[in-house]
Amino acid sequence: MSSLTLELGEKCGIFGVAGHPKAASLCYYGLFALQHRGQESAGISVSDGHRLVTKKGMGLVSEVFSLKDLEDMTGPLAIGHVRYSTTGESVPQNAQPLAVKLWRGEFAVAHNGNLVNATEQRTLLESQGSIFQTTLDTEVIPHLMARSKEPEPDKAFAEVLSKLRGAFALVALHPRMLLAARDPMGIRPLCFGKLDGAIVVASETCALDSVGASIVGEIEPGEILISEGTSFSKSRFSEKKPQRLCAFEFIYFARPDSDIAGLNVHRARKLLGRKLARSHPADADLVTGVPDSSLSAASGYAEELGIPYEMGLVKNRYVGRTFIAPEQSLRELAVKLKLNPLKSILKGKRVVLVDDSIVRGTTSRHIVGLLKSAGAREVHVRISSPPYRFPCYYGIDTSSTGQLAAARMPVEEIRKEIGATTLAYLGIEDLEEVLSSAGGLCLSCFTGDYPAGTPATGPVEPIS
Amino acid sequence: MSSLTLELGEKCGIFGVAGHPKAASLCYYGLFALQHRGQESAGISVSDGHRLVTKKGMGLVSEVFSLKDLEDMTGPLAIGHVRYSTTGESVPQNAQPLAVKLWRGEFAVAHNGNLVNATEQRTLLESQGSIFQTTLDTEVIPHLMARSKEPEPDKAFAEVLSKLRGAFALVALHPRMLLAARDPMGIRPLCFGKLDGAIVVASETCALDSVGASIVGEIEPGEILISEGTSFSKSRFSEKKPQRLCAFEFIYFARPDSDIAGLNVHRARKLLGRKLARSHPADADLVTGVPDSSLSAASGYAEELGIPYEMGLVKNRYVGRTFIAPEQSLRELAVKLKLNPLKSILKGKRVVLVDDSIVRGTTSRHIVGLLKSAGAREVHVRISSPPYRFPCYYGIDTSSTGQLAAARMPVEEIRKEIGATTLAYLGIEDLEEVLSSAGGLCLSCFTGDYPAGTPATGPVEPIS
Amino acid sequence: MSSLTLELGEKCGIFGVAGHPKAASLCYYGLFALQHRGQESAGISVSDGHRLVTKKGMGLVSEVFSLKDLEDMTGPLAIGHVRYSTTGESVPQNAQPLAVKLWRGEFAVAHNGNLVNATEQRTLLESQGSIFQTTLDTEVIPHLMARSKEPEPDKAFAEVLSKLRGAFALVALHPRMLLAARDPMGIRPLCFGKLDGAIVVASETCALDSVGASIVGEIEPGEILISEGTSFSKSRFSEKKPQRLCAFEFIYFARPDSDIAGLNVHRARKLLGRKLARSHPADADLVTGVPDSSLSAASGYAEELGIPYEMGLVKNRYVGRTFIAPEQSLRELAVKLKLNPLKSILKGKRVVLVDDSIVRGTTSRHIVGLLKSAGAREVHVRISSPPYRFPCYYGIDTSSTGQLAAARMPVEEIRKEIGATTLAYLGIEDLEEVLSSAGGLCLSCFTGDYPAGTPATGPVEPIS
Amino acid sequence: MSSLTLELGEKCGIFGVAGHPKAASLCYYGLFALQHRGQESAGISVSDGHRLVTKKGMGLVSEVFSLKDLEDMTGPLAIGHVRYSTTGESVPQNAQPLAVKLWRGEFAVAHNGNLVNATEQRTLLESQGSIFQTTLDTEVIPHLMARSKEPEPDKAFAEVLSKLRGAFALVALHPRMLLAARDPMGIRPLCFGKLDGAIVVASETCALDSVGASIVGEIEPGEILISEGTSFSKSRFSEKKPQRLCAFEFIYFARPDSDIAGLNVHRARKLLGRKLARSHPADADLVTGVPDSSLSAASGYAEELGIPYEMGLVKNRYVGRTFIAPEQSLRELAVKLKLNPLKSILKGKRVVLVDDSIVRGTTSRHIVGLLKSAGAREVHVRISSPPYRFPCYYGIDTSSTGQLAAARMPVEEIRKEIGATTLAYLGIEDLEEVLSSAGGLCLSCFTGDYPAGTPATGPVEPIS
């Protein structure tokens, strides 16, 4: 939902191809389908079997690559990456894939997730003379590769992965080989499919759809997929552990047309909305959602209670990265640039506003205010997930989450702060029940229980 | 609907401000709200009371203007323009506003619509020694201004407007004065409002909302609005004629949160969907619309018949102007880049697909194919407007419409060509009934009856 | 000389081709040879016999044109222009050629010189409804062409030229025809040559050399050259008047390898130096010149007196338009960025510094100071032209000359101000004698006698 | 001379500052004065005492840095670099300074010269896990720094330098310290001076002049200069060995206003010309040189024999990196784009052409042809250095020298190939005598005797 749209940053989408004559072009189209996972930078590495060529840059996939770039990137193996957007920390050298020359040959890697032991690995490597070029946790991977004595790239890769802790879905490229791997708990998603004889790997199934690949399945937690072209093999770099898939992929991150662990995201959201309606109904004239991520949950909520579902807010799709925010003197005038409420729909009505989460609460307060200014008589806010109380160490940008509303105060306080008539959240058991078919979940942002550890060694407290 | 998204180009959105210290910045934000009316180029002219400064360029509003541009454009009077996007003919010098120096001082003008007597006026002016700089019909306006002997700019403007035939909503700027005018039949919309003491003019009310202006009303057909700042006056340059407002503004062009002639666009579309459901019901499991313009009509259709409304297609919002289309060898693979059908929703279902129009039919065939490939058992296509049979001379880009399907063949042939199970259009009387509160309509694309004449002198035939 | 390098701006170089399959590429190379006449902007118009294509922009020829530009500019007829560089007034729309569409077809024109009746012509044209796009005096030419009733372009051109007063060397393009003309007194130079069957026109012969053309001669004052390809004809638009060629072309503007009116520029400068040595000798150890324009005169001076000619100053060739001038705190440190004196050559020596002119005197003071700081015991300044006392209205940028030293004070005062041991100028009779083979000269900047009138009607006073 | 201008690439100029509040701006101006040593890329690293900031890019100093860059680069310590220009191998990541983060803090280094043991050092480092980012020999320096256990940066630097073989003049930056060093034989020059309290280091004295610094002396072979601000100290990283300063710095590379090892470059060239005149006089009407590097030698030659020195060729200064070379069909036409001979000076004359070297011979043939086509009756070529027969491994780009004329054939054959009437070279003893005051010289390109070894282990043969 929009709270998250504006406040959270998901870290990255990845894509890989082996055995297709237009591997880099397939990456380009696959990254378009994953663009919602990151708009800060984009990159592709391609191999013609001998040498890697890497092109990356700041901005959207469409801004980074020209037709000439794609024509110049020939070869049957490729990986690609889109990176999330935050302010301040974003610099070109942090774009991925990271591509380097090692003693055993060229190597490139692209990463979705977060390593919790990156700092200690980096300190150790630097004290031994390694020179880091970026501020990315991911960069420990090529440096560990450089120091591995294992001559085979796939074996060296497995050796390196066994030293990593945290959340990671990875695609990597050696001049003759595509490698893909997922952390031992499968916190971040990673699926693969086939396209004619080629192997295609992606963060989400919508990217497989976009290039016409048929879905084969998921890369299992702790597994490496290896492909030199038309065939592939799998091996394990870690013992089998219980899966802990990020629940927020269903709640907010993933595209509604993706299936994760066999469950369609739109369907899951609609069911969350229905469940929420049963546990927290409201007496209202209409239900509306915040474009775009909450629309499925909102329509589920409306359908369950038989209340009309209406378009209460229109989102301006052109307000993007390069938009110049209004200066102070115009700020109060220009309140409806991003979201405009429909007065003729809302005036005098009792409204249910369904959203997928509340992070800091400021956006929710803004939206409730918009609905009221358009004449809504009552605004009943319903959240299709439990209260978000703990920082994420596995790939959601907690540095910018600031003060988590649900960590600071009880629900009734939040209701007052956002100005809602009533406020209710989905229960955590309801969430688990709806998503049960997807297997074990990481719910750390709701519970503070971190399955893959944290960067800090001490106990984790709710942040406020 | 998407047929139109891909095939029609609406000509332009305009915005004007008088009496606000940040007039250019207001234009910038107003143009963001009108960006759906044109993505090819954008421009703003501002006056500090003595001199005009104009900045324009190719691309989106966010691409054309930098923060420094806005800071440099000081003064209380401004006009702005966004222009539609087509391929081939688009050149920087055709961006608007057109700003020139005349013997009576500087003058700038921005235009939405199409003049049907531009060619004959231009030929006459050129034979008398005028030098045209663009290929725009609009450029006859500054040249007629240059030759007017009338010293007062508003009087000269009225004199010039009386020589124009066709469709035009205009904003113009003189160093001391904002001028706005609408053609004698009001084919293109133009509304105005107030913001503190300032006057704001816009193609649509959503742009007034976006800057926080309160809506006062519409500029009437044949009227000029004149403002030097906090106050305004109105005068007529033409006798009152019956209004003929473009029906396609409601069907497709305008933003759903705009009101035109007092009628909300989302509401109108929903009513068109309900009307269509009553005249052309379908026995189906679910209703879906083509994102984004057909969603209102689709939900109206679903609601009227009590069939569930579902998300059957997801649109990739990042496929924009700079997207590199797949080369031939990848085209069949990459079929779902722009629209991806949700298999788990559609599989085995009887589906109603609501769209707002069919132009050439190729897009409709593509979408019906997508739904079927995702497993839809039946696809009942319902169009929320009458068959589109005649070219538009008043501001829709007919040069790119190519072969109009409904001009070439009967409905049953179209049904076969697009592969639908059944196909039905809204009747023209139903259309008129739903939109009746908005007053007289231009229906020329459905009827071939051109209220303001055509560029050709002979009779008009349906094009094929 | 350097005073002029830094203080005066010569207006423009022009080039034209008819009858060569690569006309635009020839223009490109010809403009390179004329780049010393203007670095602010460059432009080329080409005709394929039917349509004109024009490309122009700010900067050097090498910055404005890409290989693709040249490949796209096909056709046998072309004209080109380089424009001088000043600060402040330079804007892209003032780049030339000026290309317009007239009732009789397309037309482009490029101009070297200055029209003294441009303002009155423009006022008249604007009052009749003409819209000017630039602030160039040159723009009256296309507007007069637009209003001419003469159907043949060459006849219309002659009619227009007869209305112009001042200095002009022109090349113009009609889709089927190259036109070139020189003002009735031949104030600015214009020559032409042959290359295979093609006709080539240029401001200077060095540009004819650069493309391998053989020199035929000069376009005579008051003449038009007309060529549709391999042949050419000439006609007159004005009666024969006495020639008044700009003497400053020899003194400073032209390249040393050009011949003007049959006289080589390097040779002329060397002779000026010799003449100066005879009339104003100095008792010194060495002679040095200011790079680059004064080197010929300095070597002539040295040779005449038998004093060694030495390299006393080295010029940094990379200090160009985009150089960032030192801020105040570094200014005194960074005194030798542009010119560095050679201490080991100058230390303890009596030096003759030959320069071609003194405009404001500030640069001369700076250079004399450099020589002294490097240890020169005496600095005898010798100027190879008479005192520059009057503004130029025929193509030298007088707006930036500011206070002319020689108009403000007698020679002895100038000597004190620039810190020279002695100072002497070439006499005007000596100048005329050396250049006598070139025919009648315009000496207005020395005498205040303006052969083609001035923009002002009143008498002309020396400016101070 | 022009042969070299067109065929040889000198590797780089360096500059460093310690203890000046505008250190980065001083670097900017210092690099302008060194721009003749490299036009491919430019870069500056600055330290505020805590952190390094580095900005570099392809192109001239004026193209790489904006005013904002300089304003953003605050701090009292800085180093800068300009890199030579070749085609093909030039890529942005090879621009210098190389700036990295090491365990002991940030470090940046800029290099003029060539390391002959870089490949073996790199192979060793890579096998131990180091990841190289560039293809520069210089990059072994930061990697060796990273692996040094020495905590003090100056001691670690000395330890690293002792492992390097070949030619190197270096400036390096640690957050609190400027380091500068010169290889044990002093093959490449490096001097330093004072500016107020600050220390300034540069490849040539002309760069010290340009910022107003007074020259203190040279950094001795095998020495390190260390400065944390206003004071400096020196230490040795190598025992004293006999100096072997590159003779080509005097012959061609350095600016005429620089002094190297106490000898002025212009003076040295003039003396080389005089010496050449005595050993190889010619009976001729005039002497001319190839602009710009041979002009000093040519005037010395003329003076010695009492033959007039004339401007026989004019160089077009605007033919730079971005110039579009004429396509095949225009090549023969456009022969005089870069150098134009002065017919009126040369016609019928017996000419001595003085040049500084002949590399492949193609340029010499071209220039002799130009003089003859302009009417020269005889062309006596005199070269102010011995025959260039062996590749340089110490900083001259031998990869592009191709076939060295003097290695392939005797002098008489070269004379025929270039079309000269007579041809003579300066003797090696004459060269040594003229430059004797500068101390021991590297003459390896004339003799094949490589004082600091070669990358290959086997004996060195003249290349052909």
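Before moving on, here are some points about what is shown:
Each chain carries a letter (A, B, C and D) given by its place in the written order, and its residues are counted from 1.
The rule is short, and it goes like this: a contact is a pair of C-beta atoms (placed from the backbone, for glycine too) under 8 Å apart; a residue touches a chain by one contact, two chains touch by 3 or more.
Worth saying up front: this structure is predicted, and the values here are computed from it rather than measured.
Least step count on the touch graph, chain A to chain C: 2.
Centroid to centroid, with C-alpha atoms defining each point, chain B and chain C lie 52 Å apart. Distance between chain centres (mean CA atoms), chain A to chain B: 36 Å. Within chain C, no positions touching two or more other chains are listed. Applying the touch definition to all chain combinations yields A-B, A-D, B-C, C-D.
Residues 100-103, 126-133, 142-143, 146-147 of chain A are the ones touching chain D in the complex. Contact residues of chain C toward chain D in the complex are 21-22, 25-26, 28-29, 32-33, 35-36, 60-63, 65-67, 70, 195, 206, 209-212, 255-257, 259, 264, 266-267, 295-296, 299, 303, 308-309, 311, 314, 316-320, 322-324, 326-327, 329-330, 332-337, 340-342, 344-345.
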